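Which chain is which? They are A, B, C, D, E and F, in the order written, and residues in each are numbered from 1.
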Amino acid sequence: MEEWLPSLKTDTPQEGYELAIKLARKGVALTQPDAEVRKKLRSIYAENADSLTLASQVIAIHYQTVAAANDYWK
Amino acid sequence: MEEWLPSLKTDTPQEGYELAIKLARKGVALTQPDAEVRKKLRSIYAENADSLTLASQVIAIHYQTVAAANDYWK
Amino acid sequence: MEEWLPSLKTDTPQEGYELAIKLARKGVALTQPDAEVRKKLRSIYAENADSLTLASQVIAIHYQTVAAANDYWK
Amino acid sequence: MEEWLPSLKTDTPQEGYELAIKLARKGVALTQPDAEVRKKLRSIYAENADSLTLASQVIAIHYQTVAAANDYWK
Amino acid sequence: MEEWLPSLKTDTPQEGYELAIKLARKGVALTQPDAEVRKKLRSIYAENADSLTLASQVIAIHYQTVAAANDYWK
Amino acid sequence: MEEWLPSLKTDTPQEGYELAIKLARKGVALTQPDAEVRKKLRSIYAENADSLTLASQVIAIHYQTVAAANDYWK
């Protein structure tokens, strides 16, 4: 597998948030490797409020990890 | 991307809660960038009890992160 | 906004639990500010087992935060 | 309100688990105070696999809190 | 109640995982004490993808607790 | 049972993520041991956005554990 996660360190809280999004999406991509299928699914769930909230929740869980790894950018 | 998260530090627990809400909503906005669609969806889920609870849950997860980053405002 | 969360400190574990409930409800209230709508929704989800469990879950997440902030009332 | 949660300390991991159940149920009871309604709902969700798993999840979240409060009974 | 949880300590990460499964199932068993009903429900949810993922999630939450209790088997 | 989890240590954050996926799938496999059934279910949920997000969530929870076990690969 290609390298996609060299480190959990980021320079800022905002870059950490972007990393959390990447971690959340990777969990989906590794379960559904077909990019075309994912694109089709995204167009559906992006119109559904609960699906969006659920996606936001996974980002939130990963953000806890990234923030801890960066000592909360103290 | 514009800067929207310069720090996880806040002066008070209540401001930390507001930051948690911001973090939760950003997770939705970055998945569904169209503000019009989000507005439409919000008018739907704001009338659904479980959708509101789910949104409250994402805030709760982010609030754990923000509270830890502020050492619980001790 | 009025001040509603001056501190995460409470005297007892039970008062901490009550604060966790407040935090959970605030997440709903800030998304659906209309108290009449919330009242109507509450009468519905209070009769639904999964809705109640979901609400209890959000309280549980906030209680983790409040308990940590109080060093578990050790 | 009557006192129902004097402490998060328990003598054993198993008593801690029982406390986690109590915390989970209290979250439901404080949202739906009518014991008759809760009894009726319990008879329904106790026959539904996902409802039971969801209830088990809330217990799991509270058990994290109780275990931390007891320093994992080390 | 019989003793079923004498300790959160295990010798290995894998035994810790088995303990997490036990903790997850106990949460169900204490809510639905009838083993026959649980057996029937298991045959249903074992054929449903989301039910299995939800069950796996509860295990994941308990595994966090067990791993912390064992200092991650460092 | 065969040994499948000798350690929570990994060399890199990315290998840790792969371990988190393994932990998430094991939770499903131990509940539904029939590989044929799991294969059938996977072909269904891999086409459903919310199922994929839910699977990604379980990975996220396990990744918190693995990251903590590796001191966030600091």
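The definition used in the following text is that a contact is a pair of C-beta atoms (placed from the backbone, for glycine too) under 8 Å apart; a residue touches a chain by one contact, two chains touch by 3 or more.
Model, not experiment: these values are computed from the prediction.
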Number of hops, subunit B to subunit F, where each hop joins two touching chains: 2
Most distant chain from subunit A by Cα centroid: D
Self-contact between copies subunit E and subunit F, residue sets same or different by half: different
Inter-chain centre distance, subunit C versus subunit F - centres from mean C-alpha coordinates, in Å: 31
Where subunit C and subunit E are represented by their mean Cα positions, the distance between them in whole Å: 27
Averaged-CA centre spacing for the pair subunit F and subunit A, given as whole angstrom: 15
Multi-partner residues of subunit A (at least 2 other chains): 42, 48, 50, 54-55, 57, 61, 64, 68
Chain-level touch network, classified as line, ring, star, complete or other: ring
Circular arrangement of chains, read from subunit B onward through subunit C: B, C, D, E, F, A
Subunit D - residues contacting subunit C, complex: 1, 3-8, 23-28, 30-32, 37, 41-42, 44-45, 48, 50-51, 54-55, 57-58, 61-62, 64-65, 68-69
Subunit F residues within the subunit A interface of the complex: 12-14, 17-18, 21, 42, 46-50, 52-57, 59-61, 63-64, 67-68, 72-74
